[in-house]
Each structure stands twice: as structure tokens, then as C-alpha cells.
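In what follows, chain A forms one complex with chain B and a second complex with chain C.
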Partner chain A sequence: MMKLNLALNHKVGVEKNPRKVKNNIFTTLVIFFSVVTISPIILIISKLIIKGAKQINLSFFTETAPDTFVAMTAISNGEVIPGGILNGITGTLFMVIMAALIAIPIGILIGLYLYENPNKIYANIVRDIADILQGVPSIVLGLIAYIWIVKGLTNGYSALAGSISLSIMMLPLILRSTEETLKMIPISLKEAAIALGVPYHKVIFKVMIPTGFSGLSSGVLLAISRVIGETAPLMLTALGSSVVNYHLDKPTSAVPLLIWEFYNDPNMVNLIWSSSLFLLGFILTLNLLSKHIASKRKAN
Partner chain B sequence: MSIINLNIKNPVLSLKDLSVSYDGEKLAIKKINAEIKKNSITAIMGPSGCGKSTLLRALNRMHDLYPDIVTTGSVFLNGIDVVEMSNIDLRRKVGMVFQRPNPFPTMSIYDNVIAGYKLNGMKQKKSERDEIVEKSLRDVTLWNEVKDSLQKKGTFLSGGQQQRLCIARALAFQPSVILLDEPTSALDPIATAKVEELLLNLKKKYTIVLVTHNMAQAARVSNQSMFMYLGELVEYGKTKEMFTNPTDKKTEEYLTGKFG
Partner chain C sequence: MMTSEKITKRLLFAASLIIVFVTAGIIFSLVGGAIPVFSEFGISFIFSSDWNPSEGKEEYGALPFIAGTIITSVLALVICLPLAFSTSLFIGEYFHDKKVAKIIGTLVDLLAGVPSIVYGLWGFYVLRPFIVDLGLSSQGFGIFTSGLILAIMIIPYATSITAEIIALTPNDLKEAAYSLGATRFEVVLYVIIPSARSGIVASFILAFGRALGETMAITMLIGNTNKIPNGLFDTGNTMASVIANQFGEADGLKLSALIAIGLLLFVITGIINGAGKLIIKKLSK
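Here is the complex of A and B:
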């Protein structure tokens, strides 16, 4: 009896082995590729922290970028470069908020139209255009904003031109996320309001949009986090500035523009790391926030 | 069609040659003629796809929401053609409750009850609103369960409570008719029993039209029953008589479980 059992066990063991080997190879591969995928991110973040953290202090947020001589003196004395990136932070916030103010209402209205007329030819055209727009290189959008706004409207580089180029990038993201969000709301909710005699436009604005609010806002946050690091379109539109600017028609700085400037100035190189760290942190926060809102919504 | 002489005087609703088509060709309901008795429960029965929901939704002109749907014939509410009434007037008088409980997820229990007024922008004093909310919730026997959590979201309630909340939302307008489309099909037996009991109470004040898949439910609660088949109203009569002695062969087959 014992012998028979042992023999059986043995046989099973032999049969199982090739599968085990396969399993092991597979697990190893999965681990290997996960490491390959994750390691650049870890490398980037650790590099940014190691090189950039020491530059991040209060003045990093409260002072504008230093000029090259100040930076040079500081470096030769072995000190931290004084000053910060306030002009970049304010410029980025200013232009991104302006861009959002332009893109959100237009994007939501178009998204509503797509939701209401899912099968009309015109809706399909709009969807295609949005997809194409999403694929247009950002520098091309910058060029268009340069021609239309910088040349045509503000007579020079301006925050408005920067905001518009960013808003064009946000638009397709917002309108598609609006449509998807509305599609996920059960029709019975809309009908419940209709059955109470509520006029259609009120149903949309008082029931559908509030119900989809978290979906809409997570879409907007995602769109913002996509454009906030854009450099190319801003180079051609907002140009950059050494001072804090809140005028729509004046050149304006932005964090990615500052990073580019720092890169081009050997004395400022140290500031690249801290600025990049800040920008990355900001984008990651927005991303996580948007994911958090979206998952909370799913839980509901 | 075999319609037992119901002899309904002053019907709340009367349907004249009512037909609805979803695509402009095929009729989902065909030339329905019927009258609905006041302060009673009228059940609409029939196999899946026979047009029960389509008929019910024609009564408050829900089909208007979808431009492809063609409705012909007429529905009279207390003698007035519903086409001549404004949406808000019609739907204040004819409330609707859906198959799945659908409270507005962004609104509190309180706001859900008063939603009809609020969403339509009708202003009242706070005391009036409080009164409407309390009365409607009492009518659906939900008041004692929720009076301390009126500001909580309606979606936190159980399925049965949510459905009663949705009935309260329809009652807030003090309608003359309440349309219910399989209101208990998503509920457990205990919650179902509660809703049925509630309907029996509500018929004292309201006229109720109830679509149901469940013959036993129709037998338990309804006074009149319609039996529909392939878009036609095959039989319409007093529930008791119809269940004991159906005149139409199809009705009999359905009631004895031969199909459906």
C-alpha cells in the first residue's frame, strides 16, 4: 500500500515538473520585465531627488529665477543658487487655469452634444477631429497659436497665446471624457427627472452633470496634468519672462520653459533638477488625485 | 379582444386607439382602448415583450423623449387630452416609478423627495417643503426609518427603502395617477411585501397602474387586470373574474403557466 502510494506520488511529481519549469520561467520573465519597466521611473525620481532636493527651500517658491551672474558666484563659492522659480510657477498656474477656463466649457458642451447625438454623422466627424487633434504634435499646435494669436491678436508673445495652445491640447481629452462619463450614467436617472416634468436642459444641468461631476473633474484633472509639462507650444507662444506676469497680453514664464532656459545656461544647471522634481511632483499629484476621484466614483 | 363590461364611470384615464411604434413601422402596442378606474389598482400583465412598458410610458408621454417613437391615438386624463397639457402639468398629475430604484445619487433623502419641485424651480417656504417631505415619506411608511437621516444620500438606503423613496418622490406632487413599471422586480420578498401593502393603502387616495410580471402579485393587489399579448390588449376585466374565469384562450394559457 505504502509503496503504491509512493509510486503514484512519484509519477505525479514527474508529470508536474515540466509545468513547474514553465511556471518558473514565466514568473522570472514577469519579474524581469516589471523591473525593466519600473526601474527608469525609480531612477528618474531618485536622480531628481538626489540632485534637486537641496535646491528646494522656501525661496524656491517665493523668488523668481536668478540671473546667470548671481548663480555663477554662488556656484564658485560652493553655495546653493539663490532665488527660485516663482515666475515659472505663477506663469504655469496662470496659463493652465486660463486654458482650463477656455477648454472646460467648450469641451463639456461638445461632449454633451456627442452624448445626445451619438450616431449623427456630424458627431462622428467631431469625434474623428478630436482623435486627430490628440495626435497633432504639440509644437504644431504651438505654431498655429503663434500664427493666429501671437501674430494676429496680441501682437507679440503672450500668456493668452500660451493658454490657447494649451487649451487646444486639453479640448479633445475633456470632450471625450465628458461623453464617456455621461454614457455611464443610467438612462433611468434621466427618465426619473423627465417623469417629474423637468425640462430637458434642466435635466442635463441639474441631474446629469452633477451626477457625473466626479467623472468630469477627473477628466479635467487628467487633461491639466497632460498639458502642464508641455514646453514646445509655450516656447512659440508665451516665450518666457524673468518676472511674475499676470497680463494676458505679455510674455509669461512657465516651469517647463524655465527648465529649458536652465538647461541652456551652464551656471543654472543645478536648478534643472529642482524644477523638474517640482514639475514631476505636481503632475503625479494631479494624476493620483484624478485616479482617486475616478475610483471613488466607481465605488459609488 | 374580450373586455368584460367594467362599467367604469368617470374614468381617470381613457385610452383611445392608442398605438406606439419604436421605428415608425412595427407597432409595439396596437390600438389599445381601455378606461382606468379611479382609486383602484389596475394591473398590466403579459409575457415579456408584449408591450406593457410601452403602454405604461405612453400614459405620461414618456415616449416624447425619443423623437423616433411614433405615438398615435389619444390618452385622456380626467377628460383632457394629454397632448394638450404641458409636460409639467401632465407629470405633476401622473407620477411614475421605475423598475429599478433610481433616487438621484447626488441628492439627500430630503432633496430626493422634493426633487420635482426643486428641479422645476418651484419655490416654496421651508415649512411647506418640510411638510411635503414628511407627508410623502409617511405615505410610503419610510418616515420613521429615515426621519433622523434626511440629509444622508438616498443611495445609502436599502433597495426596498430606495424604491419607497422613489414612490415618495412621485407622491410629493400629489398626483392623481401613479404609474409603476415592475416596481418590485429588483426587490427581495420582504421589501416586495412592503411595497404591495403600501400600494393597497395608496389606492385610497391615488389611482394606480401597475405593470407586473408576477401573476400572484396582480392577483394579490389589483382590482382590474389587463392581459396583453403581442402588443394587443387581449383581455381586460375585474381581476377576480379574470383569474377564475378568463374568457380568452391566450389569457387562460398565460394564467395557467402554459407560456410567459
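Here is the complex of A and C:
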């Protein structure tokens, strides 16, 4: 095509049109920069797979993280570092499930409130507050959970403090996605229920929420995937632990916290890749699952 | 007796109060925690660049961290701008609704899912040695490396909104320009950019707001020195990273200083995000 254009220009004896040249350069730049933009994600994923995949085996999921002495001995004997990240996996699941149990009901109820009162001044204030909260850096929420829970309630680093900081992060995401989902439900559905004399609470909980269920779950999954890789707030709240812990008032490990510990310990630094691969795989799966549910919903 | 309607409405209203109280509580606790350091050093806490936690000679100032935060974030924005804008044009205009745009869009969205600590690891083991190899810096730590990784981290936030707004450019405007013989580049320059201008600005402001609060990746790459960075390849610290790496042994006045930095970070990100949201709100009216 280019050649043809050039040949044509030559034949007619017209000089190369500078506007066309500019256009071609710009198109090339757009494509080039787009390729540059997507290269990091490909490089990151392939680096994690190449370095981390071979370290993932059964004991990765069934054993707790080794201590630095065990790791050092294994390295000096030329053996594979034993152990896994069980304490991290259980800690992450424990804290994220706790956070979700706090944030989902509150978030959905607030989303319902905003949907039911779309134009009230107070509802607009609540929306603005949710926007502010969504923009608060996660480390600041870590500080808050430290002041409120670690200092004020559990008298030490605790799983509860970690959950609280994560739940505050999830809350604005869930309430906005709830409101958006409800807005997409045809109003006639609600009107039909009311016309049949269905009590108000049943309209909300038996009609609106079940109808919007897939939208709500897609929002919840996205919110979970956003907080599951958080490290900074957990450093200030859950701290980390070498054992599996299910007590709300005790320090608890998490996969990102383990990665941070491995990274800082020269004996265990080899373990960062498998843990990161696992964490990223988990997050991206949740992410894609949430998108899949959302797009299916749109198609209906 | 209350009807079910009243009870349900009150329940929903009560839930909405929770988020109001949580946010009020956050401000209250940050201010309360910051009071000791502000009553000790006054407003000069913000403008001082001394940071000395040793007992008896305690001296705290937030300026190096405010400077580090703003420099790394601005740098990230500058690097992110051509990349995110080109990708938005790719998705929203050049290959709009084509399969390749969907693939690129999904890959860009995946960038938003990568945890900060994984960016930090990748930056430390891949990007940092690369910068050393280029001879830009002897250790590879510092402002430039941090800004680069931040740019990658905020690209998805800038791209998703910008691409959407570019795709919304009215077709008749574009067709009118084409019919007058405009090239695609001229359509982008004289039709798409003017009509999408405020939306593009808003999305980059929001991405900037994201960069301000990023913690782990920066902590791993910036070098963690408590001074005002002296150039692009010098080390430094940001507000978020100093909280993360000084928090462990903090109590008393030092803890108060870190909480005060958290408060400043809260205020700065609040202003930036507020500005971005305000522009978007005006747009949708």
C-alpha cells in the first residue's frame, strides 16, 4: 500500500504530501506506544511463570513457610528449600473473608439506599464520601486500623485489624457497583411487585437483590481482587505469623506479607517467585471471572 | 406499629450512616494522632527537612517526603501520558470494536490487578538491573526507577476512562472532518482531542491521585533516604514509603509524625481526586 502510494506520487510528479507523512508517523507511534504499554504485563507474567512455576508443588499448599535457619541449611546442602506458604494462604483467606463479611452487607445496603434516594442531597453527600474513601491510599487505612484496632481493641497486631483495613477499602467499591447494578434493572419489575401488594422489604430483598445478583457478585469479586494483594496496610495491622492462625486477636500472615518477608531474607529470597505467581494467578482469575459475569449480564 | 416499609427504609439509612461515621472517624483519628507533632514543631513540620528519630534530639519534618511523592508522581504522569494516550486511541479510535482492541484492553486492565509488591519485585529484579546496565545510576534505586514503575501502575487507570471518552466522540463530527479531506491524525488533533479534552484531563488527574498513594513498589525501589532528592537518579522517600519503612519501631513523637504524614497524604490525595471527580461530574451533566 505504502509502495503503491509512493509510486503513484512519483508518477504524477507530486511531492510527498507532508500531511500524509505526518498521519503515517502518528499511526505508527500510536501502535508502537500501545505495544510498549502492554509489554510490562507480558514480561511480568512470563517472569513469574519462568521463575516460579517449578517451585509450586503439593507442599507449597500444605506446609507453612520455613524459618530462615531451615532455609539456610537447605541452601548450603544444595537442597530445595522445604515448606510452603500455607500460613499465608490461610491468613489471606481468613482476613479477606472476614473483610468481605463486613463490607458486603453494609455496601449493598448503602447501594440500595442510594438507589432508592437518587436525588436527595444527603445521598449525594454519601456518594462524595464514598469517592473520597475510594481515593484514600491503602497505607493510610493501615494507619487507621492500627489506631482503632491494634491500639484500641486487640492490644496488639491482629487479624481483625487487617480485616478492618481491607473492609474499608472494599466498602466504596461494593456500594458503587451495587447502585450501578440496581440502576440497570428495569423499573417495571419493581413497579409490578409493588402493584401486586408485595411488602417493601420483600420488593428489596426478594426482587431487587436476586435480580441483580450476578451484577452484585461481579462487583464483590472485583472488590476482593483489589484488596487481596494489598501488603502495606497488613504490615501495619496483621504483621505476619509463622503459624496458621484463625484467632481474630492474634497476628496473622498473608501471602503478600510472606512475599515481603522472603524478599527481605537473603536465605529465602528464592521463594518470592512461586508465592508471587500464586498471588497474581489468584487475583487475575478473580478479575477475569468478575468480567465474565459482567459481560454475560450485559449480553442478556 | 412500624410498617415494613419504614423499618426497611430506616435500615438502609442506618447503613449509609456507617460510611459517614467511618470517614469522619478517619479524619478525627488522623488529626488526633497528628496533634503531638504539630504542637511540638508547629506548621514548620510541613516545611522542615530534618528527620532525626534519635531520642532527646528528635526532629521531624515532612518536606523531603512531600517532595519525593510529588516528584515521583509527576514523573510517572509524564511517562504515562504518551503511553496511555496512544493506547486509548488504539482502543477507542483506531481499532475500536475490533478484536485486537479487546485484547489490548484486557491486557491493560490486567495491569491494574497486579499487586504493588509484585511490581516492586519486578522493578527490583528486572527494571533496576536494566537501569544499571544503561549506566544511568550505579545502584539503580531512586526517583527515576520509582517513577517508571509508577507510570506502569497508573496506565490502566488513565487508559480505561480516556479510551471510553475517545470512543464517545460524535461520529458526525469525525465524518464531517473526513469529508473535508482531513487525515486521521488531523481528526485526532482537531476533533477528538478538543471534544474529549476535559474527560482526558480528569482521567489523568485520577491516575495522578493513584500514584501519590502507592506504597510497596516505591518502598522497594526508591532507596529510602530521608532527604530531598537531588536530581532524577538520586534516592529519596515518599510519604507512603516512609510510613511503611519507619513504622516498625515507631512510637511516641515518631508515630505521631508518621500519622501526620498520613494526614497530609490523605488531604493531598483528597484534593486531587476531588478535582478529577468534579470535572467528570460536570461532564456527565
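We take it that the second predicted complex is superposed on the first by the 272 of 300 C-alpha atoms of A that agree within 3 Å, B and C clash if a C-alpha of one lies under 4 Å from a C-alpha of the other, contacts with A are read in each partner's own complex, and residues count from 1 in each chain.
In the analysis below, a residue touches a chain if its C-beta (ideal position, glycine included) is under 8 Å from a C-beta of that chain, and two chains touch if they have at least 3 such contacts.
Owing to the predicted nature of the structure, the values given are computational and were not obtained by experimental measurement.
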{"item": "Fit or clash between chain C and chain B when superposed on chain A", "value": "fit"}
{"item": "Which superposed partner A:206 touches (first chain B, second chain C, both, neither)", "value": "first"}
{"item": "Chain B versus chain C as contact partner of A:139, first or second or both or neither", "value": "second"}
{"item": "Which superposed partner A:192 touches (first chain B, second chain C, both, neither)", "value": "first"}
{"item": "If touched residues of chain A are counted for chain B and for chain C, the larger one", "value": "C"}
{"item": "Partner chain(s) touched by A:109 [first = chain B, second = chain C, both, neither]", "value": "second"}
{"item": "Chain B versus chain C as contact partner of A:147, first or second or both or neither", "value": "second"}
{"item": "Contacts of A:131 with chain B and chain C, given as first, second, both or neither", "value": "second"}
{"item": "Contacts of A:184 with chain B and chain C, given as first, second, both or neither", "value": "neither"}
{"item": "Contacts of A:50 with chain B and chain C, given as first, second, both or neither", "value": "neither"}
{"item": "After the two structures are overlaid on chain A, angle v-u-w for chain B, chain A, chain C in degrees (C-alpha centres, nearest 10)", "value": "110"}
{"item": "Closest approach of chain C to chain B (Cα atoms, Å)", "value": "11"}
{"item": "Chain B/chain C common contact set on chain A", "value": "199-200, 202"}
{"item": "Residue numbers on chain A that touch chain B, as the complex places them", "value": "186, 188-189, 191-200, 202-203, 206-207, 210-211, 213, 300"}
{"item": "Partner chain C, residues of chain A touching it in the complex", "value": "19-20, 22-23, 26-27, 29-34, 36-38, 40-44, 47-48, 105-106, 109-110, 112-114, 116, 122-123, 125-126, 128-141, 143-144, 147-148, 168, 171-172, 175, 199-202, 204, 225, 228-232, 235-236, 256, 259-260, 263, 272, 276, 279-280, 283-284, 287, 291"}
{"item": "Residues on chain B engaged by chain A in the complex (per definition of touch)", "value": "60, 62, 65, 87-92, 95-96, 98-100, 102, 104-106, 115-116, 119-121, 155, 166, 169-170, 173"}
{"item": "Contact set on chain C toward chain A in their complex", "value": "3-5, 7-9, 11-13, 15-16, 18-20, 22-23, 25-26, 29-30, 33, 82-87, 89-90, 94, 104, 106-111, 113-122, 124-126, 152, 155, 159, 183-186, 188, 209, 212-216, 219-220, 240, 243-244, 247, 258-259, 262, 265-266, 269-270, 272-274, 277"}
